[in-house]
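See the structures that follow.
What follows is chain A paired twice: with chain B in the first complex and chain C in the second.
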Partner chain A sequence: MGSVSTNFVLLDGQGGGSAVLWKKYLRTQGAPLAVLKTGLRLMSESGNWQICGVGATGSGRELAGVVLGADLVKNEITAHAAAALSVDGSVSTILEIGGQDSKLIILRDGVVVDFAMNTVCAAGTGSFLDQQAHRLGISIEEFGALALRSKNPVRIAGRCTVFAESDMVHKQQMGVDIADIAAGLCAAMVRNFLSGLAKGRELLPLIFFQGGVAANAGMRRFFSEALQQPLYVPEHHEVMGAIGAALLAKEAVGGGTRRTRFLGLDKILHSQVTTQVFECGRCPNCCEISEVWRDGAFLASWGARCGRQGRADQSG
Partner chain B sequence: MPLKAFVGHVRFLARQGLGLLWVPQVISLVRGEYTCPNLLGLPDLVRQYVSPSVRLLTPVLDARRGKRQLDRGYLSWGLQFAALPRVLRAWQKACVVQRSWEEEQGRGHPAGSALTILLLGPGYLVDDAYLNGNLQRKLQELGVAVVRADLPDAVTVPACRYLTKRPYWTTTRRALGALEHFRRTVDGVISIAPFGCGAEAMQGVLVNQRLRGANLPYLELYVDEHSSPVGLHTRLEAFCDLLERKKSG
Partner chain C sequence: MRVTFPHLGNAYIAVESLLRGLGHEPVTPPPTNRRTLERGSFHSPAELCLPFKIALGNMLDGLDQGADCVLMIGGWGPCRLGYYAEIQRLLLEAVGRDVEFITLEVPRGIYSRYWNHFRRLTSGARLGHVLRGARLAWAKLNAVEALENLALQTRPRETQHAMTTQFLKRQLDLVRRAASLKEVEDVLHSARQGFLQLRESGSGQGWPLRLGVVGEIYTVVEPLANLNLEERLGNLGVEVVRTISLAGWVTDHIFKKALGCDITAPLRRLAAGYLRGFVGGHGLETIARSAALAKERVDGIVHILPLSCMPEVVAKGILPAVSRDHQIPVLSLVVDEHTAECGFQTRLEAFVDFVQRRVGQRVGQKQACLPWS
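On to the complex of A and B.
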């Protein structure tokens, strides 16, 4: 469950393989709970599946984990690495750009040895490309192809996306072709990624490019130009995080030998999950606490620095 | 961001009807080094935020001309409350405590089978669970032992000899010295810094350079005003996964 998209994959539970039986890429659009239900409904309509284990990853992994009854909740770096390794064990570098994170993962001999992520802000990530495509009136799906058509990419200030946007507006008002702006933006984002994350790290082949942004042909072109190497974009690049979580979940349930904690489609689709966020007033820390409830029953809460759980504790 | 938190604390205290506020002007603690410019200006900054009725006590601690001058700063601060004999007695007591603490820190850390991480960063971040997204608690939950970078200057100053130029910010020099002291006995290094802090940015680069090719995983964390620690925890979890997989081979 990511900031921009929520992705579902079904992996074959039998054997050691990681064959993708079904996948779905849905936009989160600020409504993680609704999109979770939509995805599960689509999954149940696609066939009669028996779920042996569930994994959750992404920035919404805790929420998804509680709502689904996940066997494994894992951070997206580990998940992406697991998925890439299942495709090719010799992968040494993973570039991943998602909705609000960009990551660089360095592996040696099938083990993650280093990684870097964008710092506090989400500059140079997928959601910014999204926004800019929207502002230029083109769909994000066409954006990459448009960037490829450019003959003279313009220089766009790439350090901060707010700077980039004003630079793009200026170029646009000077009459620069939209394709050149789109290409310039891709190039700026690649520069930003490499200067911010690579920082002297050795990017050895085989290089994987995954995450939603890997669909963007413009980004692919400027990355491989900058690195002077071909990139490998895996077939299921947009759902690699989900594949990784599923693979790790498979491990967590012992390949199906242990019973899953999955709550079952019926229960999830026919219950009402609500969330509530409030500022706790018990101490001057004023933690922002979010609670999840199912059909009026308390499920979980996050955000209390003191580790306190739930509203029941509030009064006590 | 740390300054905002500081001013927030000050204003909170001022609202409680506080009459006297101690905000030292720490210019330099070790000869040839400085503290961060934001710390230097702290008394002036605070003055803008509290009513004139609050008395500010701002002793100047400055070791630029040697330790003598620094000690004089401590003593003159004491003299505002008591006569010299009493101040000197208090001073001697304080020195004993400081020395025994330094000896304790120098002894290193208990070796165990658990993963140990050296935590670098300014005290106002490392020890403030509010600002650092509950970093230490999270690491504890992840089953990692934390080694603090608190080492006496007698250890960290010589440890920085490999550098062509000694860093003139005390926090940076202490962190780099601690890195030298502990790097062979820990499994990984985490540094935490406020976003946009100059001294810490230098530290990050120097640590990175030192560890290049050293096969010691290093994670740089930056915090700002985000009240949700989710991003921070993602990085910590991934880092601990990495350390575990590395250790188990």
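On to the complex of A and C.
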């Protein structure tokens, strides 16, 4: 469950493989609980599945984990690395651009040895491309193809997304072709990513490019130009995080030997989950507490430093 | 005088005793929280660092409670802390809080000013009282840090979530109320037993990961500034190894400097090959301690700094080399008033996971060395 999209995958529980049986990429659009239900409904309509284990990842992992009864709640870095390794064990570099974060994961011999995430600032993440495509009046799906058509990418200041936007407006007003602007934007994001995350790190082949932004042909082009080597975009690049969570969940339930904590499709689809965020006033810490309720019954809460009311402690 | 002062972790427990010994009434600002930060940020220039803003918020809170004087620390060198007290005084003046500031700093240059500050602080107090207050304050500061360190060791091994944090809070309250050295000693003694009882018995699931925390002192020590870094790591099953202690800071920066010792010499030795001299704040310390940690049995290093902190930015640029040479993972985290908890937690979890997997490969050898395995 990410900021921009919520993705669902069904992995074959049998055997050691990780065949993707079904997948769905849905826009979160600020309504994580609704989109969770939509995804599960679509999944239940797609076939008669028996769920042996559930994993959750992404910025909404805690929430998704509580609502579903996940066997495993894991951060995105670990999930992405696990997914990439299942595709090709010799992967050495993973570039991943998501809605709010961009990540660089370095692996050697199938083990994560280093990683970097954007610090302080979110310039050059998926949300930004999304917004700018919207501003230019083109869908994000066409954006990449448009950028590929460009013969003369313009240089756009990419350090800060706000300034990048003013620069873009300026170039538009100068009459620069929209394809050149789209290409310039992709190039600026690639520069930003590499100067922010990759400095001092050795990006060895095989390089994977995954996350929603990997669908963007323009980004692929400028990344491989900048790195002077081909990138490999896995087949299920847009749901790699979900695949990783599923793989780790499979491990967590012992490949199906242990019973899953999954609450069952019926229960989830036919109940109403509500959330409440408030500031606790019991002590001067003033913790911001999130509570999750199902059909009026308390499920979980987190954010309290004192541990009162328990916490959605399913990580690890 | 009714004296208020900015918070720095749990140092207020010692500062209160010190001020009482000097014959002043301490006005401890209410515990730092989001509102303190919002209040401080509102009145601060945006480009100043997080510690400045929180401290200003504390001062405003303290003045609301009737303080008529502010006690602040100063300094000199490339870190901007040196002029913070003066800027804070001017900012408070601008909002109609024209109060006296007493700045504690190591003399350099105009000695009469320091003497006047010192006189102002000690005037009217009997020497015996002052010494007794100072001794009690020193004992409390050491007790506070001993308790905090015990909590750091206990948290990853606790049997029930948040028990350590709650127990620590109660013990700190007891130290705060203690009126004599004996009482401080008693609290510490019984707390040692208490912490042991919170731990899971037996060897459990083996050794917790050990991560060292380095960085700018305020963000390392103040939980609001570092989003409860130590608690978060502890809850992820990590034993945090502190490299910065307030008692150590007082020893180095007040006692030793006043005696004219060169406190950077041992640090320069540790940082040899990376950084030759003082770059202000804790920059040199960060590099020196990281290099030292790498040689100890520590699995990784978390480096924390406030946005726009020059000394730590220097250190941040050097740390990748320390990390590479010593084969130790380092995570740098930058914080300011806009830092979001979600991203912060994700980075910590990912780092802990990554270190865990790395160490997992060594576990085979490690366990073979244990006498009882």
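Methods note: the second predicted complex is superposed on the first by the 309 of 316 C-alpha atoms of A that agree within 3 Å, B and C clash if a C-alpha of one lies under 4 Å from a C-alpha of the other, contacts with A are read in each partner's own complex, and residues count from 1 in each chain.
In this text, contacts are C-beta pairs under 8 Å (C-beta built on N, C-alpha and C of every residue); 3 or more make two chains touch, one makes a residue touch a chain.
This structure is a prediction, so every number in the text was calculated from the model and none was measured.
On the superposed chain A, the two partners chain B and chain C do not both fit; they clash. Of the two partner chains, both chain B and chain C are touched by A:T78. In the superposition on chain A, A:D88 contacts neither chain B nor chain C.
Once the two complexes are overlaid on the shared chain, A:D295 sits clear of chain B and of chain C alike. Shared-chain residue A:D12: touches no atom of chain B or chain C. According to the touch criterion, the shared surface of chain A, contacted by chain B in one complex and chain C in the other, consists of residues 59, 74-78, 101, 111-115, 117, 119-120, 200, 284-285, 288, 305, 307. The touching residues of chain C, counted against chain A in their complex, run 30-31, 33-35, 161-163, 165-166, 228, 231, 236-237, 307, 320, 329, 332-334, 336, 342-343, 346-347, 349-351, 353-354, 357-358, 361.
By the touch rule above, chain A contacts chain B in their complex via residues 59, 62, 74-78, 101, 111-115, 117, 119-121, 199-200, 284-285, 287-288, 303, 305, 307.
Remark: chain B residues 12, 129-130, 134, 137, 195, 208, 212, 217-218, 222-224, 226-228, 230-231, 233-235, 237-239, 241-242, 245-246 touch chain A in the complex.
Chain A contributes residues 59, 74-78, 100-101, 111-115, 117, 119-120, 200, 283-286, 288, 304-308, 310-311, 313, 315-316 to its touches with chain C in the complex.
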